[in-house]
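Shared between the two complexes below is chain A, which has chain B as its partner in the first and chain C in the second.
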Partner chain A sequence: MTDAVAHPPPSEPRAGLSTRARVLIGLFGAAVILTLLRPFLPDALIRVPEWAIPPLEPALDAIFAWFQNDLGLIHVTRAISGWLGVAIDAAANLLYGKSRWPRLDALPWSAVAGVAAVLGWWLGGWKLSLLAGGTFVWTALMGQWKWTMETMSVIVIAAPVSFVIGLILGISAWKWKRFERAIRPILAILQTLPFYTYLLPAVIFFKVGPTAASVATIVYAMPPMILMTAVGLKKVPPEVVEAGKMAGCTRWQMLTRVFIPSARSEILVGLNQVIMLSLAMVVLTAFIGMPGLGAKLLAMMNSFKLGRSFEIGITIVLLAITLDRLSKAWVVKQPEHFEKGTPWWQRHFFLVLGIATFVFFLLVAQVVPYLDEIGRRQAFSMGKEIDTAMKTALAWDWVQATTNGIRYFFNLFILIPTENALLYVPTFAVIAAVAGICYALGGAQPAIIGAVFFTTVAFFGWWDRAMLTLHSTVTAVLLAVLIGMPIAIWASRSARASRGAIFVCDTAQTFPSFIYLLPAIMLFGISPITVILSILIYTMVPVIRYTIEGLRGVPVELTEAADMAGATRWQKLKNVQLPLAMPTIAVGLNQALMFAFFMVIIAAFIGTRDIGQELQRTLAGTHLGKNFVLGFSVVFMALTFDIAINAWAERRRRALGLA
Partner chain B sequence: MRGADFDPRKIKMSDTPVISARNVWKLFGAKPEAYLASMPAGHSYEQIREDGYIAGVKDVSIEVARGEMLVIMGLSGSGKSTLVRCFSRLHDITGGTIEIDGQDIGAFNEKELIDLRRSKMGMVFQSFGLLPHRTVLENVAFPLEMRGQDRHDRRDRALEVIRLVGLEGREEYYPRELSGGQQQRVGIARSLAIEPDIWFLDEPFSALDPLIRREMQDEFLRLQDMLGKTIVFITHDFDEALRLADRIAIMKDGAVEQCDTPDRIVLNPATEYVRKFTEEIDKARVVHAGVLVQEGLTGEGEPVAASDTIQSLARRLVNDASDAIPVKMADGAIKAMPRAEALGVLLGDGA
Partner chain C sequence: MKALKTLIAASMLAAPAAAFAEDSSDPIIIPIHNWSSQIVMSNVVGQMFEEMGNSVEYITTDSQAVYESVRLGDVTLELEVWEGAFGQSFRTALEKGGLHDAGDHDAVTREDWWYPMWTKDACPGLPDWKALNECASLFKTAESGDKGMYLDGPVDWLKHGKERVEALDMDFIVVNAGSAAALWAHIGQAEADKKPIVVFNWTPNFAEAVWPGEFVEFPEWEAGCDTDPSKGPNPNALYDCGNPATGYLKKAAWDGMKDKWPTAYCVLSNISFTNPQIAEMAKLVDTDELEPEEAAAEWLEANRDVVEPWMNSCKS
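Here is the complex of A and B:
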């Protein structure tokens, strides 16, 4: 992917070969030679031998045990779990009538939907009102109210907690440089940590169920909030800050009256992220026994009830879009003045309307039970019918022939051969090749980091599984690029198609990742292709999005200059647009890889043989050490690519004068 | 024009200066204090830069008298904004002292500094620096709120200043609902809300288009005539400086090149840099009769006012045949100016 333009000219033409070329030849040469010599190599050089693998897992277990028992961390977590438990139970009582304090019993679904509609109207007009109200009406009518509210009861507690803690940490990061330097790498790791690694500690410290789910969710949703807060506070214009100082603000006044309100947009974008990540995580916490939409979806997918899965999938997607649109509408909502003498109720129109709607439905629901709760028999779920229809459609000869054909072709000619090849290559040859790729992309520093990271993974002792994970990830992303890039290039040719495609991508990015398994399972059932296909769909979104953004971002003068130079469309694309768009496309590619590492782990429950499978197995036990070792195997592989690609994009941007 | 009646020396004698800066340095870089202490005297801006430091303010000594309007003028990067931020200690200075009403503000602790700003200082910013989430009324009342004034008081006071700057009826608007000129009126109103003694204006009209700028300058002069504040006004626009200033300080590379009344800057530029600045200026519009007065001369005929510009006296200067023209000074004394010199100014061949 590197072309001659991408790099400075060789520094030593004298010897014929630059340092760069020599390093590359050395690294790749070593990889090739090691691979060719494999039959003659001793076992110890092919894989890191058992005896050389440090006993990290028991050591970590011992450390955790010490923290938990001797340091008394367990008492702290029990206390936290007590408070969180009360809050979640209270939310659960109000939302779906779990018999806990305050014992007010479930709110009628119609009241919740009504308030959601008013909220939507206030934030974004009638369309948003329709979406927000409609989502809840759909949920109720489909007979999924209880599951949805189970999911919501964790979100309404976890998201605010995550928001507040993230805000405080973000302010600290902005205030104290040293704190920021300390948490940056931690945040980077947290954002690439496979979610199973969040789950097990949560389970061990907080037991299976909603409390553990909310703790995992709080931690998982926090990093972007911290970053956005710090970014927003840094961006407050200096003159606004000076105006605050000249007004004689104390430090506390500066923070609360000047900085935080001025950073409102970024902080609310952070909130949007918190909400969306909370939803994504809550759905995934089905794996640690959190009831709700995720658990139902998991159960339905496991028993291959496609119709029901499909309906739940729609609910999750609707919920995601609603939460996303509502919170984004809040970001852009600007205050507007009222004329003097506007009466009180008009100034607070939506608040009054919201309360009125709530009270109205609360009262009506006492009389009309249907508006209070929709029982299973009254629901409009078409699960069975859809199920039958889908299974019939999938059983049609030509459909089955196609899916079987694809499955056969991919398995036999692509997946199995490449997988076997990757497993054949000696460990150190892989490390040399990775270092070579990193060196080609980003230079010496990423190469060293990559080599160190992959060597660490080798000594963690799960090499073959790591290679399988790497294989699925890279294959899926390559396919996503092959399919996604042409789509993006086509779409980028017209402004309308670009807008449409970006809108679709942005919407798709709000869906909890779990959803992407659904179409894959529908088409291919339980097979290796399903894993690849779900990653492929999931990662195509950033590939398309960033490619379009990159191509559309090429300055008009440059494309016009190319036109005037008589370039054909292909020449223009190849020589002007793609080179200039590459840094942006690289960002998309990087995101695609990160998403892929995430997805491949989730897909483990379909039945893979990689790290994800082993990780998922740890959930059943208490082997924190193993869980962390596996988790960090993934982190190190992901970070290697992250660092190398970012270094490359950064260099290109500087070379093009874009940075 | 205001310059003619103003004699800074006279005020200085009768009153301690409101702002007094002595040998003020502001260096940006890794360890500015240590560097300044070890730096050989007389280092130039370029030499300092070669050592890795930027001289934002370079050895500036300046005094601002009560009720005076000092305009600090210079190109961007000349250090004018930095200097004014040193006066209010938005920047901590590297060397020298700054006294406000005889008190060294460098020695103030945080609370004293906050009190100083809450009671004595107002500042207007180039890009307004309004708080986007607050209405006009809430923005103007902001400094009052910060010092803990009660809700009714601050509302009354804020409404009063809003009326003063001609924004009545827009109290409930948000900044983004206003034009640039209106936003700056809010900025001005906010800076006046606490009734400051010292008023800092950092290129307040630069972000506005020329027509609005002119209108705002008139408005500003009207306010100043009414309020009589001590003002430090920053601009990069020489015309604006001439129009408003009692005295002008011209800055370059962090140092003050010349600080004097507009007349004297135009007539006697102290450095080559200042001379280049004043070259294009029509001196006859700037120079007042009072400045050209020489002791020992007596003129004939009707005396002209000391505050008349030479341009406004053009007909008289050309038609009158006498050597000296009587000038009635601000204090009522009758003096005289040599006609040839005034003609020289009028015809642009220097004084």
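Here is the complex of A and C:
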């Protein structure tokens, strides 16, 4: 971890010991000395002793109980969940015929698929039309229609609600500086909070079932929407604003006619994020009553049906890609303008076509039951065949021999020793080292924040587990850099390879992580390497994506200049491209760490001894206080790195004259 | 189409429904979890309630968190309360109030160290625990050193595998799986080259049908083995016995259910499934690949004589 120190900013003088060097030597020296002295230290200096840990958990429990019962917050939240419930039930009625208001029948699958195809055509031409229609046809043919619609019934409510609230909060953040300052840290916390910590309060305050699931989804998906809205509104050029003012707009008109349309692209990117994050929660919210694909996936996994859980995974990926492409196409699509006098149906051609398709399939489905509903027995699921194929492939001798080798090497020589080493180091030595790393990266402010945050974690009382979590995340990120960077450097050399790599990244990212877990266990057993590998996929995605983006963003003049100066390919990469791409790569690294902190919690499903395991235990119901303490242990560790890496990227950008 | 079907079904059901009555028309909320027997059983009971004219809704929930929801009345009942796995959460909720014990199933549950049959070929002295201990080196993994590895259930199931290994001085290290699925993946991996393994398992369970196996016979459970060191072979340690071979399988109900749906509540307290019945329900889904709803309908069809007395005795 200390290799991060190896980048002194170019501006520092080399002669003598600068303040910077003295601080670094002080911090790392303290860490080393404390560690060396460990055998002679009293226990109280090795770990925060039991008696010094404040009784936060019971205190929080009491506070929550007070909010819930004495203040009557639960009545407010339950009323909200009542309204949400009505909306979700109505969607559920239309999509899969749940017997609730408005008590209509489920829409035939063919009608939904038809409308999706028309929508795709309108937004992005025939390719998108094929993707959108095809996704729903696949779902129906695989016999997953009802589950998909159960999932969609929650998402079609949760995503718009998240969008609207996010938009309003984003506008407020842009209007009122003080509000923005207040909301920033909350957003940062929301983005790093382990999902188990979203789930429990959602259940208690919003009633187990689709409503709790939708609340957890809404909250989880909102932060990027708020940020993007604020960013977009800030970027509106003054000329546009002045034009609006000259036209005599009222304040409301300024907002709805001038600012929001000008910030349209950013707002729609926010919407895209809302949709993607909502889909990412499909499986996780199944723990608290989200019906549909996620719940089925968990049930399939618990009866060891690899094949059918794999098929569900494909459906989730297809849905994610479809919604992603549709919403991105909408971002790009400019409003169409027609000549005066164009007939109504021509101006609304796609609307008319959509309605016509819908009505057509609605009617035909009454006659052809197959287009209305495909039963499980008529479906084309290949679950059993995929099952057999996967199990055979996983059991091939050379596969087992390779994985056993990897398992043996990594566990015995790398992971278990480093894990034990990290657990051996006294708490305050770790804190000093973390402060040192933060100082090296970002300077004094991040270092102080890091020290305070890690000290807080120490006093939360889950230090050893926190260290194991930290160990998994950092290892996964380092491995991601080792593997992902070369791939990205190779891919960045051609536009086609870049597109291919990014497509693979997108797919890997939306494929529900739970599906990887079982094959990973079958290959590597229940051991530390399995945990790392299950996180690795998610940490590699941002590393690859941002490295490609950074390298391809290097101005052509500069690489050409390097070529003319006779630089070899390696010299060009090392001295020109990588340094210039570094700020962007740093953003990727930061993302990778955040993903790792998020995913490591899921690895509790495999079997870990870290915070995730303890969090999973709190799901049993009532330890809201403990749940929050554990959740915030993760938040504080994640934020420390987030702040330090961002500060470093900012400094690099300034040094390069990019800011 | 479907409206018509529903209409016909409803008119057919109208006659018997008249005999019950009084139950609230609000839906009875039945929780379903992520293992097959519980899902099918919930559907069976749900379909019985529907037959009686009640409306029923299913909600997918976490099997530990569900007791808090039953307590609050968000969920009306729970059909499978396992002594070993959920006893703790159930008792916690019971103490806080809001739910109660609605009687036991006939079925008994057993949770303990278990091995798939092929393990016996390598270690013929099984199922005796001493024989298992002598074969410990067969169960080595890359990380376990000289000792054998026993894969225990998730920590939150509180299975005390480590304590037992220490109490009985066994040459095993205990690793906790993170989920039931992780246990299956472990067995599935060993299956390919018939590697000897010993893992935590329970009955009734679909795994029995997929991988035939046996429980390890530890010193027999004595009451107090978990609280009184003098019980069991090691006079100085707790948990030096096997788990009870006949744990309970309970039903739990929300306190308000009795008044809101008296007839359904009466039926719930009559319900009592046996081990073979539960295994059959799981098999319909796990082996025959039926959907849970279809499996429940099929099971009900084949077992009218079992369920009808439960329902008839509640007709007022």
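The rule is short, and it goes like this: the second predicted complex is superposed on the first by the 609 of 659 C-alpha atoms of A that agree within 3 Å, B and C clash if a C-alpha of one lies under 4 Å from a C-alpha of the other, contacts with A are read in each partner's own complex, and residues count from 1 in each chain.
As a working rule, a residue touches a chain if its C-beta (ideal position, glycine included) is under 8 Å from a C-beta of that chain, and two chains touch if they have at least 3 such contacts.
None of the values given here were measured: they were computed from a predicted structure.
Chemist: Tell me the contact category for A:416 with respect to chain B and chain C: first, second, both or neither.
Modeler: second
Chemist: Contact-wise, after the overlay, does A:105 reach chain B, chain C, both or neither (first, second, both, neither)?
Modeler: After superposition on chain A, A:105 lies in contact with chain C alone.
Chemist: Tell me which partner A:250 touches in the superposition: chain B (first), chain C (second), both or neither.
Modeler: Touch partner of A:250: chain B, not chain C.
Chemist: Kindly classify A:448 by the partners it touches after superposition: chain B alone (first), chain C alone (second), both, or neither?
Modeler: A:448 contacts neither chain B nor chain C.
Chemist: Touching A:336 in the superposition: chain B (first), chain C (second), both, neither?
Modeler: It touches chain B, and chain C stays clear.
Chemist: Go through the superposed model and pick first if A:239 touches only chain B, second if only chain C, both, or neither.
Modeler: first
Chemist: Taking the superposition as given, does A:302 touch the first partner, chain B, the second, chain C, both, or neither?
Modeler: After superposition on chain A, A:302 lies in contact with chain C alone.
Chemist: With the two complexes superposed on chain A, say which partner A:383 touches: chain B (first), chain C (second), both, or neither.
Modeler: second
Chemist: Tell me which partner touches more residues of chain A in the superposed arrangement, chain B or chain C.
Modeler: Looking at chain B versus chain C, the one contacting more residues of chain A is C.
Chemist: According to the stated criteria, A:25 is in contact with first (chain B), second (chain C), both, or neither; which is it?
Modeler: neither
Chemist: Considering only the contact definition stated at the top, list the common interface residues of chain A for chain B and chain C.
Modeler: Touching chain B in the first complex and chain C in the second, no residue of chain A appears in both lists.
Chemist: Where on chain A is chain B touching in the complex?
Modeler: On the chain A side, the touching residues are 237, 239-240, 242-250, 253, 257-258, 261-262, 264, 334-340.
Chemist: Spell out the residues on chain B that touch chain A in their complex, using ranges where they run on.
Modeler: Listed in rising order, the residues of chain B that touch chain A are 85, 88, 90, 114-115, 117-118, 121-123, 125-135, 142-143, 145-147, 169, 171-174, 176-177, 187, 190-191, 200.
Chemist: Can you list the residues on chain A that touch chain C in the complex?
Modeler: Within the complex, chain A contacts chain C at residues 97, 99, 105-106, 200, 203-204, 207-209, 286-291, 295, 298-299, 301-304, 366, 369, 372-373, 376, 383-384, 391, 394-395, 400, 404, 407-408, 411-412, 416, 517-519, 521-523, 525-528, 603-609, 613, 616-617, 619-622.
Chemist: Of all residues in chain C, which touch chain A in the complex?
Modeler: 1-3, 29, 31, 34-36, 39, 55, 59-62, 64-69, 72, 74-75, 88-89, 92-93, 96, 141-143, 151, 154-156, 175-182, 184-186, 188-189, 192-193, 206-207, 210, 285-286, 289-291, 294
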